[in-house]
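Once you scroll down, you'll see the structures, which are given as C-alpha cells.
Same chain, two partners: chain A is paired with chain B first, then with chain C.
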Partner chain A sequence: MPDAVKAPVIKAVGVKRYYKQRGGSLLSFGRKPRMIQAVDGVDFELYEGEIFGVIGESGCGKSTLGRLLIRLEEPSEGDIYFRGESSKALMKKDPKKFHRMVQAVFQNPFDTFTPNDTIGEIMMRPLRLHGIGKSDEERRAMCEKALEDGGLKPAADFLGRFPHELSGGQLQRISILRSMLLEPLFLVADEPVSMLDVSVRAEIIHMLQDLCASRRTAIMLISHDIAVVRYVSQRVAVMYLGRIVEMGDTDTIIQNPMHPYTQALISNCSSIDPDEDKQAIEIQGEPPSPINPGPGCYFANRCFKACEKCFKSYPPMRTMKDGRVVSCHFATGDE
Partner chain B sequence: MKILEIQDLCVTYIAGEKRIKAVDHVSFAIDEGDSLGIVGESGSGKSTMAMAMLRLLDPRYTEITGAANYRGENLLTVDPRRLSELRWKDIAVVFQKSMNSLSPVHRIGEQFEDIYRVHEPKASKKEIRERVEKLFAMVNLAPRVYNLYPHELSGGMLQRTSIALSLLFHPKILIMDEATTALDVVTQGQILSEIKKLEKSIAVTRMMITHDLSVVATSCQKIIVLYAGQLMEFGYVRDVLANPRHPYTEGLVRSFPSLHGKKEELLSIPGSLPDLSNPPQGCIFAPRCPYATDQCRAHRPEPRHIDDLHVAACWRVKGGIQDA
Partner chain C sequence: MEKIKKVGVRLAGMVRSSMQLRMGLIFFALVLLVVIFAPSLAPFDPYDLGDDLLVPPGTNGHWLGTTNMGQDVLSMIIYGSRASLAIGIVSALISGVIGTLLGAFAGFYGGKVDKVVSEIINIFLMIPTFFLILIIVALFGSSMINVMLVIGLTSWPSNARMMRVQAMSIKERTFVKSAISMGETKRQVLFKYIIPNGLFPIIANTTMGVAKAILTEASLSFLGLGDPNVISWGQMIYEGKQYLATGWWMSTFAGLFIMLIVMIFYMIGDGLNFALNPKMKKI
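What follows is the complex of A and B.
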C-alpha cells in the first residue's frame, strides 16, 4: 500500500467524458443528442514513484482516461488534481507549465515522430519550447546524456539519424527518453509495448521501471496485456465500459479476482506454460453499447453470476478487507 | 499420416540488386489432425513461408526452391488449374485483418455466395444459405449476420466471419495468419476455444502463425520457431516451451512475463535481426546469442535431432541422435 501520509500526485474525482453521437437523421432534429459514455465516473489516486496499471478490453475507455489525465481532452464532468491543484485551473493559468508536468508515450513509435526531422531535432524541440538549457549546444549535450543513459550508444550518432533508420524498440526508447527530459510529474504510457517484438519488450519495461524508481515519476500504464501489468505495476484498475470495476494491489487482484469480469478476463489470458490447468470462464457476447447502458450493472448481461438485482441497480464501490475496491453486488466486505 | 511436408524450402525476395533470403532451407512435416504453431519475431519469415506454399507471392520478385508436398502433390510445381482447385477447398487461409479482406460494399451473405460459386457453380441460393448458417452456428455467429455489411460487425464477429468463410469447403488444412492477434483477450479466448471445439467435430489440420507464444501454448500441439527465415527449433509444444534447446527459443520464453507463480526477471534478447540481404556467416543467431563461440560464428549448424521429433539448429545440442 502506498504511504497514506503522502499526498497523492494525482487525484481523479468523478471524471467523466461523454461524446455526442454524430449523425442521426432529420427525425432526430431538436431531440437531445445521444451521448456515448466513454469514461463514466472514474475516481482514483496515484502516488509518487508508483506504476499504476489500467487494463480492460478495447473500447472500455482506458485510452480516453489517459488522454483526459494529460488533458488532451477536457473531461465532461469531474476534475483531476495534481498535487492538490485542479488541472482545469492549472491549464487556465499556465498551459505550458502544465504540459511540462504531464507527458505521454503512445503505442506506435513509428507514428510518434516527424519523419523529416532528425532524432536530435526531435529531442531538442521540447527543451527549446520550455526554455530548458541556455544554448542549443547545452541542449544537445543533455539529449546525448539521456540517450547514453538509455543505452543508445553512440549517442552522437543517434542524434543525426532519422526516425525511419531506427527500429521500433529504439524509437520507443527515444520516445520515453524524450518525455523524461522534461522531468514530468506524471507519465501516461498507453500500450507502450504492444507494437513491439517480444524480444525487445523487456527493455522498454525495464526502462519504465528504472525511470519510475530513480525519478519518482508516477506512471500510468495502460495495457490489455495483463501479464505485463502484473510484472510492472503495484496497483491495477480494471475498467469495463467506462467505469472501474475493481482496483487494488496487482498481485491480490490477479491471484484472487473478485469481480466476475476480472475473473473472466484473467482466466482467458493465455499462459505460455502448456501444463497449466486452465479453466477459462466463458463469457458470451460483447459489451453493450456505451449509449445509455442502462440502470443495472453494465456487465450483467454477460455475467455468469447475474441475478435480478444486477439488472436493476449499478453496484456501489465497496472497499474489501484487503484494501481493494470492487463494484459488484456479490462482493460484500466480509468475503 | 503426413499431410504436408515442407522440404528444404527457400524463398528469396529480389529487390533490384538485393536478394533477401526470407525463408532459408526450412524443412518440416505435419501429420493429419495436427495443430502447428509457427512463431517468430516480425521479419522472421513466418507469413512468407505460408504465402510461398500457396504460391501467393509474385513470381516476378520472388524465387522459391524446395518442395511443399501436400498429399503427394508438390504445391510449388502443380498445374495452376489444379492449384486453384486446391486453394480454399483443401487449404484455406485466415488473415489477420479480416476487415480488409471483406468487401465493404457487399453484404456478408453475398460474399459467401460468390466464393461458394467459385467451386460449386451450380449451387442454389437456398443451399448456400443453409450451409453458411450451419457454419455460422459453428463459430457462434447469429444467422442475421448473413444480411449485414462488414462495418456493422465488431472485430471479433468479423474474425469469426473470416473463419467461417475459410471453412466453407471443409478444408483439410487451415492456415491462420495472426488471426487472433488484433482481438481482445476475452474475444481471443472465445475464438481459440471455439476453434479447439471445431477441431473435434471436423477433421482439420491447423497451422497458426503468430508472434504470441501464449496462443501457441494454449492451442497447439507442435511448434516451429523461426528466426531470420531459418528454422531454430521444432517439436511438441510442451517439450519446446518447457525445455527449450535453442538459445533463441530460450530467449523468447524468458521475455514473456507469466501471469501466475513467481515473478521471474524478464530478459530481452539484445540486438536486432541481421540484414537478410547480407546474412552473417555461421549461425544466423550468433550475433545475438549469449553462448556463441567461434564455431558458431564460422559454421552454420544443421538442425539436429534431440528425439524423434524435437529438432534444434544449434551447436550446443549434444547427446542427440547424431552424437549417440
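What follows is the complex of A and C.
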C-alpha cells in the first residue's frame, strides 16, 4: 500500500445490505420475512489516487456494493466513512455535499443521459446543481474544455448533439468527464467497459487511469473482467456471495491467489500465451442461496479443498505476511 | 435554438411516419381556422332570430336551414365549434395534468403514496362517471366552466394509470440513477427526468380524451344540462330533437359535425400513438 500512512479516503465498516424476500405463500403469514443478503459485511479502505478493483461472479453483490457507496441505496447495517465523515450523517446533513464528493460511472452509456437533452445541457447540469461557475457561459466554457481535454473535438459540436447521436465510447467518455467536472473524492465505475467494443475499452480505461493519476481521485472499479482489473488497479478485492474473500495488492493476488475461489477464478481466466501450462480448476454447482447461507464458509460446497471445518464455521479474515487479507481456513499465513 | 430545431425535425418525422396523424392534423387545422374566423365565415348572426322559422336547407340563403326560432343552422354550427373545441381541449388538459402529476407521484415515490393514489384511481374508475357528472352539473349549475371542470376532474384516471406505469419503469433506468448520484433532489428527478421522458403516451391519450370530452359535453347538453347561454353542438341536438319529424336538419347537421370532430381527434391520437411507438414503425 503506497499511501498507508495517510488516512483513507473511504472506509467501509461492516457494510451490509439485506433485501426482504418478496411474496411468500399464505402459510408463511406471520413468520418473519426471509432476508436476502446481497452484501453481507464488507470492510475495506481506499486511499487517494488509488484504483481499487472489485471482481466476482454475477450476483455476488459487487454492483450492490457500488450502489451503496454512491448512496443509491442505504446500507442495512454498517457505515461508510468519507474522509472520516459518516456517510449516513452527511446524507442527513448535506446531501448535496455528499453527492459532490462521490460520483459514479455506469455500465450502460446509452442510457446514462436523459434522451431529451443535448450533451451541453447534460454536462452543465451538475455544475448548475452545485453552483459551480458564475454564469452559463462560464459553465459552457468549462464543459468545452473538459471535452477537449478528453479528446472529444470539436467540443462545441458535441455540446449541441443529443445522446442518441453519439457512440457508446463517446458517451462513456462524456459520462466520465461529467463526473470529473465536480472533482469528486471518489468515483465508482460499475462495469464501465463491459458494454463497449473491445477497440474502445482501452481508451476508457486509460482515461480513468489518467484522471486518477492527475486528480488523485480514488476509483472503485467493479468488473468481472479480471484482465481489466489486473491492468488498472493497484489493489483488488474478490467477492463471493456478498463477502470479500480475498483482498490485497493486485499482482500478489493474481499471481499467487490463496483463497480457493480466487484460485478457481484466475485459473479459468484465458491467457494470451497459448503455451502457458495452466490447469483450469473446475468448480461445480451454483453458489448457495443468499437466503440464510448457513454457518460454514459460503464456498464450501463448491470448494475443492473443503473439509469438515469449512462447513461448520465461516473462516475469519486473516492478514497474511504480504499484506493481503484472506478468509479461508487453509490460508494460515505460514505458506 | 439548436434544440428547438432538432425537436422540430423529430416532430416532422413523426408526422411523416403516420398517414392518420397527417390527415388528422390537416383537418384539425381546418377546424381551427373555422373557430378563429367564425364571425367572417358565418353568413348570419347565430343569436339573431330571423323571420324564416324552421325552413329546410337551401332556402333564402340558409344553406342548412333554420331552427324553430329562426336562427341560421350553419352559423350556429360555425359558432358552436368554439364551445365544443374549448370544452374538449380544456377538460382534456385538466385531466392530462392531474393524471400526469398523480400518476408520476405514485409511480416514482412508490410505497404508501402509490397505494393511496392507486386506490383513488380505482375508486374513480369504479364510479359511473357520467352519472357523477350529471349529479354535479345538476347540483352546481351548468355553466361552461363547470362542465369543463367536471369532465376534466372525472376523466384523469386513465392518464394517471398510464403515467404511473411509465414512472415506475423510468425510475429504474440508468439516467435517473445517474441524476440521483449527481445530486438532483427527488422533486427535480420527478419533474426533469421522469415526467418529460414518460409523457408521450399521455399526450396521445389526452388527444383522444379531447374527443371523449366533446362527446360527454354533447351528451350533457342533449340531456338538457349544457350551458343554455352558449351555442354548442350538443345543445343544438337537444333543441332539435323535438322537431325531428318536421325539421330534421336542426339535429342532424350538429350530430354530423360532432362525429367529424371526434373522428379528427381520434385520428390524431391514434396517429400519435403509432408515431411514438418505435415498435410499430415501418422499417
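Operating definition for what follows: the second predicted complex is superposed on the first by the 334 of 335 C-alpha atoms of A that agree within 3 Å, B and C clash if a C-alpha of one lies under 4 Å from a C-alpha of the other, contacts with A are read in each partner's own complex, and residues count from 1 in each chain.
Following the convention adopted for this analysis, a contact is a pair of C-beta atoms (placed from the backbone, for glycine too) under 8 Å apart; a residue touches a chain by one contact, two chains touch by 3 or more.
Since the structure is predicted, the reported quantities are computational estimates derived from the model, not experimental observations.
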item: Fit or clash - chain C, chain B, common chain A; value: fit
item: Touched partner set for A:H224, first chain B, second chain C, both or neither; value: first
item: Arrangement angle, chain B at one end, chain C at the other, chain A at the vertex (C-alpha, nearest 10°); value: 80
item: Partner chain(s) touched by A:I254 [first = chain B, second = chain C, both, neither]; value: first
item: Nearest Cα pair across chain B and chain C, whole Å; value: 7
item: Sites on chain B touched by chain A in the complex; value: 41-42, 154-157, 184-190, 192-193, 211-215, 217-219, 237-238, 241-242, 251-253, 255-260, 263, 266-269, 272
item: Interface residues, chain C side, partner chain A - complex; value: 2-3, 6, 173-175, 177-185, 192-193, 196-197
item: Contact footprint of chain B on chain A as seen in their complex; value: 57-58, 167, 169, 197-203, 205-206, 224, 226-228, 230-231, 254-255, 264-276, 278, 280, 282-283, 286
item: Residue numbers on chain A that touch chain C, as the complex places them; value: 67, 70-72, 95-96, 98-100, 102-104, 106-108, 111-116, 118, 121, 125-126, 129-130, 160, 162, 175, 178, 182
